[in-house]
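In what follows, structures are represented as structure tokens.
In what comes next, chain A is part of two complexes: it sits with chain B in the first one and with chain C in the second one.
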Partner chain A sequence: MVKYTLKRLLHGIITVFIIATVVFLLMRMLPTDYFFTEEQLMKFTDQQKEAALNAAGLLDPITEQLGRFYLNTVKGDFGISRRLQAGQPVVKVIGQKVAISTKLGVVALSISLVLGVIMGIIQTVKKDKIPDHIGTAYTVFVNSVPHLVSYSLILAFGSRVLNFPAIYSSRSHTILSCVLPVTCLCLTSIAGYGLWTRRYMVDELNKDYIKLAKVKGLSSRQIMVKHILKNAFVPLAQYLPLSFLETIGGSLLVERFFSVPGMGPLLTDAINRYDLNVVQTLVIFYAVIGVLGVFLGDILMMIIDPRIKLADREGVR
Partner chain B sequence: MENEDELFYFVPYNPEHAEAIGSENYSYWKSVFRNFFKKKVSVIMLGIFLVVFIFTFIALSMSKFDPLNLKTNSDLSFTKPNQEYWFGTDNIGRDYWSQVWYATRISIELAGIVALGECLIGITIGLIWGYVRKADGFFTELYNIIYNVPRIIYLTLIALVVGRSFWIMAFSLMFFGWLPMARNVRNLVFMYRDREYNLASRCLGTPIHRILLKNILPYLVSVIILRLALSIPGTIATESTLSYLGLGLDVNTPSLGILLRNARTYFLDFPYLLVFPAINVSIITVAFYLAGNAFSDAADPKTHR
Partner chain C sequence: MENKDIILSAKDVEIEFSLRGKKLKAIRKCSLDIYRGETLAIVGESGSGKSVFTKSFIGMLDSNGYITNGEIMCDGRDIAKFKTEKEWRTLRGKKISMVMQDPMTSLNPLKKIGVQIKEAIELHRGVKGAEAKDIAIEMLRKVGIPEPERRYNQYPHEFSGGMRQRVVIAIAVSCNPEILICDEPTTALDVTIQAQILDLIRKLKEELNMTVIYITHDLGVVANVADRVAVMYAGQIVEYGLAEEIFFDAWHPYTWALLSALPQLGEKGEELEAIEGTPPNLFVEIKGDAFAPRNKRALAIDFVKEPPFFDITETHKAKTWYLDPRCPKFERPSNIVNYREIIRRKVY
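Take a look at the complex of A and B:
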């Protein structure tokens, strides 16, 4: 178990390392103009530019730059933002955004986890009856219609009919202005949790031990809660750490759609304005989140269900 | 024991007896279609999808305006739908009908091309991944590297480094879209390649392509179709997201994302700007998704009797 955990961890680190290298090299393929702030670009002469590049070590051979990049990253030094907030350390720029995204994300995650699991339970209990069909219709709608369209519908309905603010604002009515973005975030994840809860519960429903429980004379409520839900929750738990960590990353579309100043818009802004250090750091950040989330998910599943041994289900999930 | 001779004697050929012990004439594809057409809802869905799909091409030629050279006319901005402008006009007075249908066509074309590409790459890599044991480690690592970073990051990076156009977008979507398909195919090949009946077939000298086609492919078909049913709405969604974020298609190409992005500020006051593209794309994606799911169920040999 310990050996397996260490092996997985090492694997994760290698994955992040490769991603970081690829992104670094991609960034270096761009013209060197992007290493200056827009202001510097206007004022500097060619000699000044070259001197600055030299001083920053950007004209060194690529291997040397790469080595320095690894060293700094390990030390936790991600450089400074050159364009979005000139001169600020990247860590600080990201830090401000993380708070907002996490706040919205965690609220949405909690709501959708509760509602999604409840929806799944109701669908299982009322299998093949009207509530089940309504739930399935909802899931199909969310999964097939592009999110941009469903968000637009929520926006139109929420702001016209229910009078919620149409854009996020950090100054006035912050909580009210969070309602629509959170609804949009929930829309998809409720469908996800509902779908999986229903599927796993229905799988359990057909197993022999449930028949035994019925024969023993347990009420169907007891069977649902004590046996089926508990067992069905194990595979769901696997995805929880990843979903939780992903809230830190924010949602690109929702945050852009409601002008939430979170992590989502930061990435596109950084890319559109060629703030290379920020882009680099964000990619590493998302990669770490992805690797760590999956890893923690597997560990969590192993802890709640001791029957599962991960060593033999290595490789592809 | 005295009648041992009775147990070992030649049986003359008798067509009726042969019929009784032989299996009925089973055809995979016939069963697939029989199962599919049994469900009325899915057939209707397929019908709706086809009608809208075909209409997409007719609608553009019906329109009085060329969707790529629409005249802007500020006097006509926000015209409500009428006889001249069937879907009204947008904020700078361009005909909305041709824009909406053109966007629908772009979406369908992109989704179709990407889905085909994903299938080709995904199935090929999945087969190699599942069949060649030595390649397993490499492909698993490759999968993890691509899968662990949100796809949107790669797509934005490509938009940044290479540029933006229909084909760049199609290729980059394909390049990151084959993963789930390859994983599913790999898992199935892994599961079925060493089953007893395949081992038996191999021992009896059945050629490998026959094993692949007759014994393994039927298990893959349903997964492949399911992935297609998910991939087409998925691609349409990704296109709209990317274009909305300004990382997809050119701003002057009417596409779903661009239309909604332009309408974002206005559709609260002029709901038809949202309603038409929304209905259009919803019908297509929902119908395709349901029909695809039903077909995938029908293609699963486990449901055949």
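Take a look at the complex of A and C:
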């Protein structure tokens, strides 16, 4: 178990390392103009530009630059943002936004997980009856109607009828102004968790061991609680850590829609404005999240499902 | 049978399934008495309804299947009329229990096997916790699992197929059921394990005074364990009697066909006997004797009128016109008449 964990961690680090290298090299293939802020680009003469590039080490051989990049990254120095917030360290630019996105995301995910799983359970218990059909209709509606349309409906209804703030504000009524964005975030993920919970539970429902449990004389409710729920949760659990970590990345659409200053639009903005350090850092950041999320998912699975021994045989009995 | 105490009695049972809007008649007027303490084998090919018929004794029909006619009397109650789960739960586990075909999927993979046995014990025996655990360990020992204390805390995947079937049996008998239904309990197992499992069931039957119903298509199993045999075809029982009578004095042409198809009876180097054709379509009404179209020696009346049961002995009955006194004189196939002889020559 320990050995396996270490091995997986090592694999993860290697993956991130490769991604970081590729991204760094790709960024360096862009013209060096993007090293300057827009303002500098207008004012600087060619000599000044070259002097500045030299000072920053951007004209050094690529291997030397790469080495420096590794070293800085390990030290946690990701450089400074040149375009989005000129002169600010990248870490600080991202940091403010991460806090907002994570706050919204974790709240939304927790709500959707609870509601979605409950919805899935109700659908399973009332399979092929009206509650099940309502749940399915909701899922289909949410997934087939473009999100912008459903978000607009929520926005219109929420702000006009229920008087919630239509725009996120960090100054006044922060919590109230979070209600609509969180609702929008929940809309799709409740449908997702509901769908999968129902699906996995119905899968379990038809298995032989449920028949044996019935023959034993257990009631449907006991079977549901003692047997099906846990077994159906295993495949769901695998993706939970990743889902939670991904909330850090925020939602592009929702954050744009409600002007939330979160992580969602940051990557596209950074790419549009050629803020190379920010792009580079974000890519590494998302890579770490992905690798870590999958890794934690596997560990979690291993804890709940005794059949899964991911370790190479080391005296497991 | 020295003991004629009827423990369960099915009368004119009809079971239908609705499939994509169509009605499939899986069981057509089946009647059968089951005596306390006997081992009854119900044999027939796939789709003959042997499983469906037996599952209706314990309310385990698939959700699209229901009993449309007839009665199943048990303890003075007609369980064919049971509707709610609550009614069925008065029976399941305690009165009637069941061992299913595939031990690989019959256990919850995420629960310790001990807990799965304990669950049944706590449900029916009115004991909890450590006391239930002791009984569960005792059950494990009874079904022949070595080191039951240690095994109690293991998960199903740590057991082999045969061992898992032992655990399933331990669960099924942990509440001293009066009737144990074994739905092809050895089909999914290795040949070498089959005999062990049959032995185990036989031993437990004696110990716990159970009545055992085997559902199987393996006549070898039947010969080994059964006191009585019922042969099913196309949703009906066509012949039943003591095992001896079925093997050595069969009268229904379908029983003949089954017996002739036993590999033990074939001549070395010759092709095995097979029953030509396929079982009838149960979506349509069956006219006459359901087996007639596949029976080379069918009588004209077989295609027109369904035969009733004729008594051969007090215990042995067959549903075929051959037994009608008006039937033209005919000889049964020689291999059936000389079955005992052939078996003795081939097997011993």
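Operating definition for what follows: the second predicted complex is superposed on the first by the 306 of 317 C-alpha atoms of A that agree within 3 Å, B and C clash if a C-alpha of one lies under 4 Å from a C-alpha of the other, contacts with A are read in each partner's own complex, and residues count from 1 in each chain.
By definition in this document, a residue touches a chain if its C-beta (ideal position, glycine included) is under 8 Å from a C-beta of that chain, and two chains touch if they have at least 3 such contacts.
Quick caveat: nothing in here was measured; it's all calculated off a predicted structure.
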| item | value |
| --- | --- |
| Superposition on chain A - do chain B and chain C clash or fit | fit |
| First (chain B), second (chain C), both or neither touched by A:P306 | second |
| First (chain B), second (chain C), both or neither touched by A:K3 | neither |
| Chain B versus chain C as contact partner of A:K43, first or second or both or neither | neither |
| Touched partner set for A:K75, first chain B, second chain C, both or neither | neither |
| First, second, both or neither for A:L218, with chain B first and chain C second | second |
| Dominant contact partner of chain A by residue count, chain C or chain B | B |
| Minimal inter-chain CA distance - chain C and chain B, angstrom | 5 |
| Common interface positions of chain A, toward chain B and toward chain C | none |
| Touch list for chain C against partner chain A, complex | 58, 60, 85-86, 89, 92-94, 97-98, 100, 102, 105-111, 119-120, 123-124, 155, 157, 168, 171-172, 175 |
| Residue ranges of chain A in contact with chain C within the complex | 207-209, 211-220, 226-227, 230-231, 234, 304-307 |
| Parts of chain B lying in touch with chain A, wherever the complex brings them together | 136, 140-141, 143-145, 147-150, 152-153, 156-157, 159-161, 183, 186-187, 230, 233, 236-237, 240-241, 244-247, 256-257, 260, 264, 267-268, 271, 274, 277-278, 281-282, 285-286, 288-290 |
| Chain B contact footprint on chain A (complex, rising order) | 11, 15, 18-19, 23, 26, 29-30, 140-141, 143-149, 152-153, 155-156, 159-160, 166, 249, 252-253, 256-257, 267-268, 271-272, 274, 279, 282-283, 286-287, 290-291, 294, 315-316 |
